[in-house]
Amino acid sequence: MPTITIDGKELTVEKGKTIIQAADEAGIDIPRYCYHPGLSIVGQCRICLVEVEKMPKLQVACYTPVMDGMVVHTQSERARKGRKDVLEFLLVNHPIDCPVCDQAGECFLQDYYMKFGLYDSKMLEDKNKKSKAVPIGKHIVLDSERCILCTRCIRFCDEVSKTNELGIFHRGDHAELLPYPGKTVDNPYSVNVVDICPVGALTEKDFRFRTRVWYLDETNSVCTGCSTGCNIEVHTNKKREYKNEGRRVTRLKPRFNKDVNEYWICDEGRYSFTYVDAADRLGVVMKRVKGELQESTWAEVMPEVLTALQSAKENNKRIAVLGSPKMTNEDLFALKKFASQTLGVSQMPVTVLPKEKPFSDDFLIREDKNPNTKGAGYLGYDTDHKATRKLLDDCASGGVELLIIFHHDLEAGFETELVKSALSGAKTVVFVGSNANTTSARATYILPSCTYVEKEGTFTNFAGRVQKINRAIEPLGDSLPEWTIIRNLSRKIGKALAYFEAEDVFKDLTKNTAAFSGMSYSAIGDGGLVAEENGKLKQGDAKAAAQKTETATA
Amino acid sequence: MNVHDKYKPLTWWEKTYLPAIISGVLLTFGHFRRNMVNHIKKAIGMKPKVSGAVTFQYPEVRRPFWPRLRTLHRLVRREDGSPRCVGCMMCETVCPAHCIYIVAEERPENQIEKQPRIFDIDLGKCIFCGYCVEACPEDAIRMDTGIVEISAYTRNDMMIRRDQLLSLEPKKEYYTERPDLEGKPVL
Amino acid sequence: MADFIVGAVEYLSKFIFFIIAVLVISPVLTWVERKQSAVMQDRIGANRAEILGLRMLGLFHALADSLKLFTKEYFVPKGADRLIFHLAPCISIFFAVMGFAVIPHADTLIISGQPVEMQIVNLNIGLLYFFAVLGMAVYGVVLGAWASNNNYALLGGLRASAQMISYEVSIGISLVGIILVYQSVDLMEITRAQGDLLFGFLPKWGIFLQPLAFFIFMAAGIAETKRIPFDAPEGESEIVGYFIEYSGMGFGMYFLTDFLETILIACLTVTFFLGGWQAPFIDGWILQTFSDSTFLGIFQLNNFILTIVQFLAFVFKVCLVIFMMMTIRWTLPRFRYDQIMNLGWKMLLPLSLFNIVVTAIIVYFIG
Amino acid sequence: MSKNGKILTPLIENDCNLLENYKKFKGYEAAKKALKMSQDEVIEEVQKSNLRGLGGAGFPTGRKWAFIPKNSQKPVYLVINCDESEPGTFKDKYIVSSATHVLIEGIIIASYAIGAHTCYIYIRGEYVEPARRIEAAIKEAYDAGILGKKVLGTDFNLDVYVHRGAGAYICGEETALLNSLEGKKGWPRMKPPFPAIEGLFRCPTIVNNVETIAYVPPIIQNGPKWFADMGTERSGGMRFYGISGNVNKPGIYELPVGTPLREMIYEHAGGIPGGKALKCVVPGGVSAPPLRPDEIDVPMDPDALAKIGTMIGSAGIIVMDEDTNLVEMLMASIRFYHHESCAQCTPCREGTGWLDKILQRMLSGGARERDIDDLYEIGDSIFGNTICPLGDSAGMVAKGYIDKFRGEFEAYLSKSIAAKSANSPELKKAS
Amino acid sequence: MSFELTKESKLVIDELLTRYPNKRAAALPVLHVVQKQHGYIPAEAEPLVAEILEVPPVKIREVLMFYTLFLQKEIGKNHLQVCRSVSCWLRGADRIIKQINEKLGIHDGETTSDKQFTLTEVECLGDCEHAPMMQLNDDYIGDLTAEKVDEIIGKKGQ
């Protein structure tokens, strides 16, 4: 393990690491354009120049491996001058069109200009003209003039998505980043190139001109597009809502988690937030009056639902509950507790498999498009598709009086006939969900629930990693988190659940479910913890969890 | 620590405030006396050397605008009549009163990709600080219309919209010298 | 019975005369304030309101103002205590008006051989009455502020009460010197006592006998009216005050109170320190020059003329004091709140105590 | 060995691209001799000869060979760099087209020494005829049993291939050449690892210049001391000097290392046409900073030139007479770099283009007061901040001309500005 | 327009592929072969070459556009590549270029309308001793003078 000194700070670094990696670990900021920790190192942008003692030239921090006894200066006169020069060169042909550039605010050129540049331009000459605002894919717009040829996107397409769409053509200052003629950047991970583009050369069509990035609020969350559970940041525009135009989530950005998604996210997941403000979003409580669904209120509907529950219970008619793997661990636990303690329901299926097998690959996109199937399994739900079919069969044969369905669009997974007969078989159908579908259209009561950006909770991904979601925006209309709806029901019937926050549910959950024992919100933190079927945390994780809890409480 | 510590401490006599009050009152009273005499002189038909007041009789007499005066905003147009504004939202960002509302849109022409679809200024909130003019990288917003009488019956009417802003013209007649003060005050 | 009727007529006529006078003078004062400040500041001042082309130097503005205030919506904020909200301005103006009851305007007028005190009520404890009334004024402010259900108003009200209570102490103690010197708490008596001459040429006015008390009284008095430089409670343009939620005549009453208090303080200043209705040097001359023959059947000529002169002297002095107070208002900037408190408690209060001690010693030795 | 002590010139003059001609000069005797020696001995001999790389960088050849890891599991490659694109350099063309067999013999010796069984000759794409000749010579050698399996009857196998470039100066840089050889863009690689450790196809690779390899057979033949004695203390032997520009007899001259520059210009190259005065000399290809007339007494060896702030490079001497406009000269040089910059590193990619634009503007009458300083500063900023030396060269050239001939530049500038203000009355009035 | 490799070209390419340990390395020689067959390298050839070399087509295009000798569009029968670099410039390359400009009416990168000549200004061709010089198709012609240029154009233009 070589020991090196960066800016007077002594560090012991793993052999084979480069200076910039060592500096990153120590929290010393060295500027970079071409270097990206998730990609190979090319060392061509030259902005990361640092002064290394006993080396005649400035060295690129991203490529120079650490050697024992190395003394590095990142802020020396020479290093700053070198960086400033490189920056000046980068801006020679870069259009200064920050006003129309969506990258402004998160642009490395701007940041480093303010940090190291601040020179008066010597440039009098005309800038080279290249193609501007060319759509190069379903989601991406390319502005070649702004490109600084750092090749991050090219390396992404070569190394991560392995689709090789992009290349740098010509040479010298006429070199231009372009996709291969006739090819578009439409791989399942394409928009990541926008994230890694340090300047505004690659921008997102969907986000284009929507707002300026400095208006955005960020909330850490987890993608619900599939069971991978990629870590994301939800960007919302709370201070200037008129810019939202009916769409409260501005964009999703991947968040680094070395155990799950590293730096990336698939396009499907990136645009999976659209259902939050989709046209079919349920925002009001509804009930069926004379065969028509009408808007209602919680105050009106809750007693009616309670009465239905009560009468079904007293008449010893069956109550059936179909949970959903789209619900958080908290929702599922509260539901399970309520259903088994108060309603006496024992069989609780959750899974509805779609008729067609969805797209999946071996990187991030998984076949199971639900974020929490694993968690439902841990919590004692029956994750078998057949169990759901059995429940529907029961309903169809009239063995169920009251059916509570969460989220599911049953027609997506079952024959329309079966669904129809099942839903008409039950006297009362309560649909709890965030978006309308064919099932909700046939329900007796519709109780609107929050989407994942409107509530707190945890999801358990396919590998058993429990990860936290946070509330980014206020719930739409009357919608409530599912656990709140269940708790409100439980207050009037049977044993009341004494939950006030999602965290209360989780505390109860960790006490009662072996797989989650020892966890807490503070221990889960941003990275998540792995739950194990046999009930114990992994050795390393348990220690980490204990430490995290300690530091959190301290 | 009090900011006044850096000044020299007041003497006992000064601490009573009396000298300051007296000198202040003498000054204002001096003005009162001088102006009153002039007013009376005028009232009884004598012609005073100077007028007792320096006020302009608005709205009959209007005070000329100084070039630096900040009046109602306008959006500058390009030669083809489209807004010069590119919707960068710098003004919106810098506005201390949060009175500018911009929503951008794609501009059909590719070279300048962006333009504002909505550009509203809430004059009810605006404090006429002129930061938006300073911040604009395109010199697209200016406060030189010479319109100072801004009033409306409802809050909504205080919103000035993009097309209104674009339709405004700069006021050209500026006075660069101090205008004549020998106006005729009406008592 | 007849005595009672005569007494009732006497009080009633005095009261009506006085009420009309005060309520007319207050709007006029608003005009005075505008015009005076305009002249001081090289402006013209309000001059736009006109009736049939007549502008009257802007005098109609007072009329326009009151019309406006009368016709404006009287808005009661959500959550306000409605009763107190309505009551508070009334309390405020009520006590301001009440204060005038004991102000002597002239010496006794003899009508049909019947002496009539030129004072609405001749209380032998007039000074204490005045303290009591003044002390009640703060209720109007505090209740209005509290009833508005507005934090800013409440804060303004708190500032106002703190300030008024602080300065009332100084006012009270500064007047103890006057009591010591004139040996009375009856305002008529105090005024009469100021008729003598000191050293043969100087009227025995409070300002000469109690110069320190005069300054203290003036400062504290201005503070009592909550006017610049002591306008921390309301501060029209910058810090919203206790009547922020009031509109229409509710605001109008507070506004009127302001001016009534100004007049009141001016009247008191004149009564205590400037010889009240005394018109020195010419009163004797009038008595000697005019005979005591009957005039208009019921008046005694010299007494009548003297009373008129005394009344005019009183009015003249009050105007002078008001003019001074307004000059100060348009000259000085506002005190900071801590400065107001410092001045009240650390300057005026010790000074007024010191004044009592010195006065007492002098009175003890001189007799 | 022949008259005048020249080594390769006689071979070139006698068309040694044909095996029969080369045989007359004891062809392939040295290879046979070397193949009998051990690998280390060969390297030792070359090291002793003080043979330094003649392509530009001047790194001692023997030492380079010694870097090859012994007993490497991976195959070792020898790559001959014949991508001769530096303006003012044209020596390799002669060697590959007319002394081809001595090159092949050198390849055999070098390959044997480093344990390579495959050799690629990377020849620039424009050299169509030389490429054809060398292909023919290789075929001849294969047919004669000199190449292929069992070289010259020994157990040593060697395949030699010609690989044509396609027009990129940057591919003369060894790592860019390797990338180009691998079928990629000619973008230089970051070092370390050096090619000797990880080069072509990630295997140990030696990249040598044509001329360097061509001198190996005579060294083996005549012993290292003979060669070392001809040159200076630290760089042995002879080398080709290509003289071009304003001289009477432009061409290549094989002379001992350390021959004074003046002698070359005025004696070997026959002086300047029309008896004009000398203004400026570029001693080592366009990348070398220029020399003033008072500096040309310098001996042409790497160390002496380095001492006065320039370099011998590929020894392409360009002579300029008194009529030359140095601003235009600098423009021509910078235009070259602008055209050839590979677009990898920022300073070189943008800097060369910027320099070119400034110079073009200066020459089209738009000169400004500060242009000279700008040029110098930009050159300085490019220098030392790039992966490969192309950026350094561009920076060095811009700096070099301005350092040495600032007066010339200033004179041009004032003349140009005066002309401009004379042409525009407004400007005249304003100033 | 589709592009097919001729049988001869295929044979040459097969031989070329044996020279290198991986196929990609043969990119330059293969492209040379394509260019020799077709006169230039059409866009349609890129996927074909990419397939032979087992690399993504974009990499072939990158290579193609990086090297100046690979042509992407059809050029005239006679490709005049006039050196403009330092040594040639010193001895009057400008004059030669200007002469061709005037004589044929074409500038850098342009082709005459009769598809006879294409002029390209190139950097050093390594024939500095014969400056000023040009490359006419594969051949170097040095020591150019105005008369010599006229002669070349006249001879080839017929």
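We call the chains A, B, C, D and E, going by the order they appear; numbering starts again at 1 in every chain.
In the analysis below, a residue touches a chain if its C-beta (ideal position, glycine included) is under 8 Å from a C-beta of that chain, and two chains touch if they have at least 3 such contacts.
In this text the structure is predicted, and so the values were computed from the model without any measurement.
The remaining chains, considered with subunit B omitted and nothing else moved, group by touching as follows: A, D, E | C.
Looking at subunit A and subunit B, not one chain touches each of them. Remark: the per-chain Cα centre closest to the mean position of all protein Cα atoms belongs to A. The chain with its C-alpha centre at the largest distance from the centre of subunit E is C. Each chain gets one centre point, the mean of its Cα atoms, and the points for subunit A and subunit D are 56 Å apart. Measuring from the averaged C-alpha position of subunit C to that of subunit D gives a distance of 106 Å.
If you average the Cα atoms of subunit A and of subunit E, the two centres end up 52 Å apart. For the pair subunit D and subunit E, the distance between C-alpha centroids works out to 23 Å. Annotation for subunit A: residues 168, 170-171 touch two or more other chains. In subunit E, the positions touching at least two other chains are 59, 62, 66. Every pair of chains meeting the touch criterion is listed here: A-B, A-D, A-E, B-C, D-E. Of all the residues in subunit B, the ones that touch subunit A in their complex are 86-90, 92-93, 101, 103-106, 110-114, 118, 137-138. Residues of subunit B touching subunit C in their complex: 16-18, 21, 24-25, 27-29, 31-32, 35-36, 39, 52-55, 57, 185-187.
Residues 75, 84-90, 92-93, 124-129, 159, 161, 163-169, 180-186, 201, 242-246, 250-252, 282, 286, 316, 318, 320, 324, 328-329, 332-333, 335-336, 339-340, 342 of subunit D touch subunit E in their complex. Contacts from subunit D toward subunit A in the complex involve residues 168, 185, 187, 190, 192, 338-347, 349-354, 357-358, 361, 368, 370, 374, 377-378, 381-382, 384-387. Taken in their complex, subunit E has these residues touching subunit A: 43, 56-59, 61-62, 65-66.
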